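Note that the chains are named A, B, C and D in the order they appear, and that numbering of residues resets to 1 at the start of each chain.
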Amino acid sequence: MSTLGVVVQVVLLIVVAPYLVGVMRQVRARLEGRAGAGAGQPWRDLRKLFRKEPMSPAGSSWVFVAAPAVLVASTLVIAAVSPFVATVSPLDGVADLFAVVALLLLGTVALALAGLDTGTAFGGMGASREMTVAALAEPTILLAGFALSARVGSTNLSAIVERGQQSPGAVLSPATLLAAVALAVVVVAEAGRLPVDNPSTHLELTMIHEAMVLEYAGRDLALVEFASALRLTVLLGLWANLFLPWGVATTASAPALLLGVVAFVAKVAVLGAVLAAGEVFMAKLRLFRVPELLAGSFLFGVLAVSSSFFLA
Amino acid sequence: MSIGWALVGVLVIAGLGALGAVATGSRGRALVAGVSTAGVGVFGVLAGVSALGGEAFSKTIPQLLPLSEVTVTVDALSGLFCALIGGVAVIAGLYNIGYSDGHGSRTGQSLLPLFVAAMILVPAAGNVTTFLVLWEVMALVSLMLVLAEHRLRPSVRDAGVWYAAMTHAGLVAILLGLVLFASKAGGESFTALRDADLSTTTRSVIFVLVFVGFGSKAGMVPLHVWLPRAHPEAPSPVSALMSAAMVKLGLYGVLRVGLDLLGGGPRWWWLLVLVAGGVSALFGVLQASVAVDLKRLLGYSTTENMGLILLGVGAGGMFAADGNRTLGSLLIAAGLLHALNHAGFKTLLFLGAGSVLRATGLRDLDRLGGLVSRMPATTALFGVGALAAAALPPGNGFVSEWLLLQGLIHGLPGADAVVAVAMPLAVGVVALTAGLGVATFVKAFGTGFLARPRSEEAAGAKESPRTMRFAMLVAAAVCAGLAISPASLGPALTRVLEALPTVRDGSPLEGGVTLRLTGIAGSISPVLILAGLFVAGLLVVVLVRRGLPRRESLVWGCGGTRLDPRMEYTATSFAEPLTRVFDDVLRPEHDVDVTHHAESQYLIESVRYRQRVDDRVEAALYPPVLAAGNKLGAVLSRLQNGSVHRYLALGLGGLIVVLVVVGLTA
Amino acid sequence: MRQLLKKIRSTGRVAEPAPERAGDGDVVLRGSVQVRHVDAGSCNGCEIEIGSAFGPVYDGERYGARLVASPRHADVLLVTGPVTRNMAEPLRKAYDATPAPKRVVAVGDCARDCGVFKGGYGVEGAVGDVIPVDVVVRGCPPEPPEIIEALRGLTGR
Amino acid sequence: MTQLLYLICGGLLLSSVMVLWRRELSAIVRLLVVQGVLLGALALVLAGRLDSVELVVVAIGVVALKAVLVPRILRRVLRDGNEARETEPLVNVTASIVAAAFLILLAYAASRPLVRLSPSAETQAVPVGLAMVLLGFFVLVTRRRALSQIVGFLLLDNGIAATAFLITGGVPGIVELAVSLDVLLVVLVLQVLTARLRTTFGGTDIDELRELHD
């Protein structure tokens, strides 16, 4: 039964991820006074891209070809092991916060190497920037994880979520709130959203994530786009379940799983809409002010840890 | 085989190998030296594995050294390091066969087996004299190996001078510490030291002295300055041996003296180790992330990893001093596991860098590139090492960093203010180190091996000979083994911890497929992660295989002319954002030369941009010391005027002073 | 922020209601068209119209068409202007860099037959002389609804 | 009530850190307004907890002075000067924020004995006041513009006031203390006015004052 939970969860994430991007674009379009293409547009884009021919730039290697698959695979593993719909998983040993963070980083690295492998200036630029942001976001993630796990005594994601469900009051503790703010900044940075990166920019010089994938075409591009949608869903889902753990199934029964699915979709949709609406009010930060933002989130991480200790 | 015979084997093969390498001509020399080095390594591994299996060995040979006896004691702690060094030596020896084929110098090749033998015997030493003699032999032999290519590049000599000075300064500190220890303890065998009853002040003085000495060998900031110079300049098998094996002996010394012979000690010792480790890790990775010389990058990465190991050991010692043995043993086990992992991947990386150097003559990442199609095997193997060094799953570095973080995180409940401040900062340091480490190795692999070649040398690179590839494959296999089954090392690590009386506490980790920690909640499964990645990857490939075939097309250059390799991102440009973010720490020097046309100052003929990132710690700390040394030298040189009578008078004076001191203290 | 919110509320939706679409579309791309715009020597009149075709009022994106940053990501090349000598080769390269199946839309009279620039010394020819053209939008410059109509023919929405 | 107290202290800490992050001096002045209001709210909450009328008076005084009067003076200085931004602090913003993390940890660790002495809600929040003092000092040390210097002093002063409120609670002496500290403040504000005289140096970079030494 717990295997069923995993399958449900993975399929759900795969289906939902492009829709989440669609919803976010739609929210943005409405706020800008446009009609918007509808929430299903990313799926239409993907369907078309999967049918197009993939292309390799001359002089690139197997790294370029393999990177999208590695990116999707690493994200799928996270989708399978983390507690999005249910906390019961046969893959319990992998559902560790640090392992999930490292897997996310693995995907980033695969894409950065592909960006360098194309041999274009833009690819290298995107890779360099992406790695800088990822490196500087790392301390915040681990410190916020530290603050969350200090209460539970474990970095196992399911354990953290279950503890959150058992003592709802603790979610409002200063440590958790500070960690939530710190992780929110990091989620924005890792997902490549405003104000760190602009996902819909056309200007190469301001790109981070987009610059790395400029050379991808056809189904390679489909994989990359799908992976970035899946990563966004995974990040928002993790954030939601760490800080708003309600509705996550703790048993593998069908009604509990159903409730878990509904709760997950609702949480992610709301968070996505809030994020998209927030982006309307924001401009992209200069690249060299991004470290300041991340340093700020690091500060919140430190405060989260110290308040979990000093105010305990 | 018993440990004793294995150690005899080490000595015999090293001697035969050295003689053989001296005797053979330039054609077979690399083969003889390589095979005998590997043989010495095999015996080292045998000795180490039997010690880790629970066998103990102790032997005293009187009167082998003047005024002292030679004692050899091997316990599980020694065994771990013997096995580690032996393993690295097997791989480096095999690699040397191809690498030095036809151009290895007589001295360099014949000293290689001796160097390995000295390193294997250092942890087997059972008394102070034996230890110091072997330590000095190791230092001298490695110095000569560093200098092996001094005829080819003048920079080698500079590196040699730095290495000689630093390693001997370290030796003086260790010598002072251990001699003080032995004199206060009234005996020089390790057993006598262990049983000695000393005042806390004495013990602290001994610990600080010894820590400085071993710290310099471990490449700890600010005593690391020799490392990024000596490692790049040494021949690559020697770099691998030094970086993967020799620096670990610094760790051995800290563990042996601090936790075993001195038996733990107050908390501030270990806080010192923790802080030194943290600073080294951060500084090392920062320098590595902006380095453009591939071997220098790897050298700084060694400083970083030794820093992480010492951070773990320091935190472990701190918890052990507080009486929390569960965490103490976990953190020290994490440090030891990371030492093994680092030995594995750093060997692989230095050998990979050696292959690149041999094929192109370049260490400069800015001029490399395009090796993925020219040296596919080397590229793939270097990639395995880089993955491990970046501490990403499924590489082996990930597991030990995970253990380290688990230990640090679980220290918070029940802690006092010092721990409560130290642990979050330590986690922050480890995390930033991990993040920057990833950026560093993406740079090394991405700009060094991928894309198109940035110079003619790189464009003309040829794949290395089979023996070199085989040696690297062995190293990669070791890394893979460590990555997949770290839990199988559990019993061995438990035995090592048993040799350290203050942290002894059952086995810190167990499990098969899933690695579980004992005493605290935490589990991870490297096998499942690997399997999950594999299955998911396969799924993706199978699902999207349909459709139109792949087409190759020119790189999209916005419709302009063909993109020149000079337009590619280089390692310098890759590291530029990081250089900017950390410019307060790194203080890079920029140089922009603009040449104008002779006809008009408004037309520019060429622009030259240079950036240098020097080691700021070195620039800040060493010149004053060197200046003071020069001044002292100038004063002392007045004593020497060439007159024999003056020298005799000095000798007499010295003798009188010694006698007076003896007379007064007796 | 409050001001912006107020403005959003007072502006509301500015996109005009979608007109009826005439005829069936191309079935290859079905609902999603990524557009790379190539200016092959235009006077920038067409560019202004294309810009407003993707602005809030006409909102080309609602039909599944989206401007992208690289021909690698594109299905459709939106080419404007007579092809000048300097732009002929880049245009061919852009066409080559676009993955199949792909379509070319020539926007404006100049793109169709060089318009008033016909016979100019710097003009290589119409777009159709350089790369195969699938759809032509006439006008000097064509109005946004006409451009959108052409794109809707490709997206089928 | 305790939650409200913590919330206010959190706000104080956050606004102090934001002073390090923002570059526009006008935004920093706005943050000082926020801080003044929060400080007043703190006094008011404590007045409620301790049933003290005097603290209500103090609260009104604090808001009037710190949230209205001083910011007004600062804005005037800002308008007359031509420097709207702290362009090049001696320590860059990223490093400042990381340093702030360290200083806050230090404040928490250092005030632990005090908290343990009488573990009440007020003393639990004392580290916040101490942290503000440290951050104020940090601003003084690392920022170049004369106005930033004043901001540092004000931060320091707010920190002292917050600590005093939290520790001494309803002691009447608090009024005296607050007044005396604010006299100091007014003197400093006057110093800003004289800083305008220093426009002879072409700016208010206080490093330029070194020239007076020669």
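Keep in mind that, in the parts below, a residue touches a chain if its C-beta (ideal position, glycine included) is under 8 Å from a C-beta of that chain, and two chains touch if they have at least 3 such contacts.
Here the structure is a predicted model, which is why all the values come from computation and not from measurement.
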{"item": "Given chain C and chain D, the chains that contact each of them", "value": "A, B"}
{"item": "By count of C-beta pairs in contact, the leading pair of chains", "value": "A-B"}
{"item": "Rounded Å distance between chain A and chain D, as computed from the means of their C-alpha atoms", "value": "38"}
{"item": "Distance from the mean Cα position of chain D to that of chain B, given in whole angstrom", "value": "48"}
{"item": "Chain A and chain C, separation of their C-alpha mean positions in angstrom", "value": "33"}
{"item": "Distance between chain centroids, defined by C-alpha means - chain B, chain C (Å)", "value": "59"}
{"item": "Multi-chain contact sites of chain B, meaning residues that touch two or more partners", "value": "420-421, 424, 548, 551, 553-554, 556-557, 581"}
{"item": "Two or more partner chains touched - positions in chain C", "value": "70, 72, 97, 99-100"}
{"item": "Where chain A touches two or more other chains, by residue", "value": "51-55, 214-215, 218, 291, 298, 302, 306, 310"}
{"item": "Contacting chain pairs - touch in the sense defined above", "value": "A-B, A-C, A-D, B-C, B-D"}
{"item": "List of chain A residues in touch with chain D within their complex", "value": "174, 289, 291-292, 295-296, 298-299, 302-303, 306, 310-311"}
{"item": "Contact set on chain B toward chain A in their complex", "value": "289, 369-370, 372-373, 390-393, 398, 402, 405-406, 409-410, 412-413, 415, 420-421, 423-424, 427-428, 430-432, 434-436, 438-439, 442-443, 445-447, 450-452, 513-515, 520-525, 528-529, 532-534, 536-537, 539-541, 544, 547-557, 563, 565, 567-570, 573-578, 580-581"}
{"item": "Of all residues in chain D, those that touch chain A in their complex", "value": "6, 10, 13, 17, 21, 93-95, 97-98, 100-101, 104-105, 108, 112, 115, 124, 127"}
{"item": "Residue ranges of chain A in contact with chain B within the complex", "value": "50-63, 65, 69-70, 72-74, 76-77, 80-81, 91-94, 96, 98-99, 102-103, 105-106, 109, 112-113, 116-121, 123-125, 127-129, 131-132, 134-139, 141-143, 146, 149-150, 153-156, 159, 214-215, 218-219, 222-223, 287-288, 291, 298, 301-302, 305-306, 308-310"}
{"item": "Residues of chain D defined as touching chain B within the complex", "value": "91-92, 94-95, 102, 105-106, 108-109, 112"}
